[in-house]
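Here it is, the structure in full.
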Amino acid sequence: MKTEIEAIIEKIKAFRDERDWQQFHDPKNLAICLTIESSELLQAFLWKNADGADVEKIKEELADVLYSALLIADHYNLNIKDIIEAKLKRNAQKYPVEKAKGSNKKYDDL
Amino acid sequence: MKTEIEAIIEKIKAFRDERDWQQFHDPKNLAICLTIESSELLQAFLWKNADGADVEKIKEELADVLYSALLIADHYNLNIKDIIEAKLKRNAQKYPVEKAKGSNKKYDDL
Amino acid sequence: MKTEIEAIIEKIKAFRDERDWQQFHDPKNLAICLTIESSELLQAFLWKNADGADVEKIKEELADVLYSALLIADHYNLNIKDIIEAKLKRNAQKYPVEKAKGSNKKYDDL
Amino acid sequence: MKTEIEAIIEKIKAFRDERDWQQFHDPKNLAICLTIESSELLQAFLWKNADGADVEKIKEELADVLYSALLIADHYNLNIKDIIEAKLKRNAQKYPVEKAKGSNKKYDDL
């Protein structure tokens, strides 16, 4: 049975393949696309306080961010759940609770 | 029962809360963080061809991208599956198959 | 006689050419580089207030930003002074003083 | 006498001050703005080869990039020429000609 994330990726790929877009979607261009979409999300906050952003715009741009990120994951056959869990483990070592608690410092300054 | 994505978000939030980091995680800083992580992923491709990137680096940076993106979704109570499906619907109108097939143009140039 | 900016660009190109790097510096990779360096500058402000950033880091990253931007200008034979003045003229029309004064809105919302 | 760059910065500041925008231009927001504009420049290359970008768009976006970068320099009283020359010196040590010549590697992999 497909997981929830696999089902989402499948829908994204169906959308892409109907338009024959895979030819453009090499991972370098997908990474460029992801950066552009992240920047468009950030634009919702430009010259504003954190609570001043338009939530509709955020919804749209966050969907675009995830669209690109999931296509990159699919390209390299990466399992989203696994790579996030592996990252949390590594970060737990870089940011041990007793040192990192309540601190906004980077790990090499802790 | 929790969905797969809800379970991942819960792990991320447990990691954050053990470190008492929510105080820094207003959505403007999360969006800045997302842009920085996307850029670090893109760096894996700098001066290289699309197939020349280090997959281990991509794995790490993609996990960081998703970490930030999922915390933004959580902040606004956005359901990932719903916002991606809504976006695919809107994009299907902006990029109708008969016009967009095989084209790399933006919708306003189609 | 060379202008100040032409002299800076000449030094950057001498640095590049000693290392035989022009072969990598197509404008797409330069634009990727510029985005990455901008993001590294932004990182100086992550999780911090506007006045909390490390000025030494800002100096370094801003120099990298300008290095990439000036190489892009050089690639297309663009005159920095001219393109900025042309932009200010266009922006003066998009943001007329009587409408834009004291407002943080985008021109299409004014 | 003003240098060429000082004269450009003065024009940018006159444009800003006529609109009473300095109140929004703290350096964190300027750095966000710079990242967004860099990303818009990069968008000229998305899904395209390096030589497929629209030069008019590049001109516009590069002007926006420089506008933000010069305001950041002005905020911290940084001299553009000095910080670029200092950076070239540091980079000459990180990338000595005999090691870096013809190589696209990062300095820590040389």
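For reference, chains read A, B, C and D in written order, and residue numbers begin at 1 within each chain.
Throughout what follows, contacts are C-beta pairs under 8 Å (C-beta built on N, C-alpha and C of every residue); 3 or more make two chains touch, one makes a residue touch a chain.
Please read all numbers here as calculations on a predicted model, not as lab measurements.
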Chain pair, A-C or A-B, that carries the greater number of C-beta contacts: A-B
Proportion of interface numbers common to subunit B and subunit C (over half same, under half different): same
Distance between chain centroids, defined by C-alpha means - subunit A, subunit C (Å): 26
Between subunit B and subunit A, distance of the C-alpha-averaged centres to the nearest whole Å: 2
Shared-contact residues (touching 2 or more other chains) in subunit C: 24, 29, 32, 35, 38-39, 42, 45, 47-48, 104
Residue ranges of subunit C in contact with subunit A within the complex: 32, 35, 47-48, 104
Contact set on subunit B toward subunit C in their complex: 24, 29, 32-33, 35-36, 39-40, 42-43, 45-47
Contact set on subunit B toward subunit A in their complex: 3-5, 8, 11-12, 15, 18-21, 23-24, 26-29, 31-32, 34-35, 38-39, 41-42, 44-45, 48-51, 53, 55, 58-60, 62-67, 69, 72-73, 76, 78, 80-81, 83-88, 90-92, 95, 97, 100-104
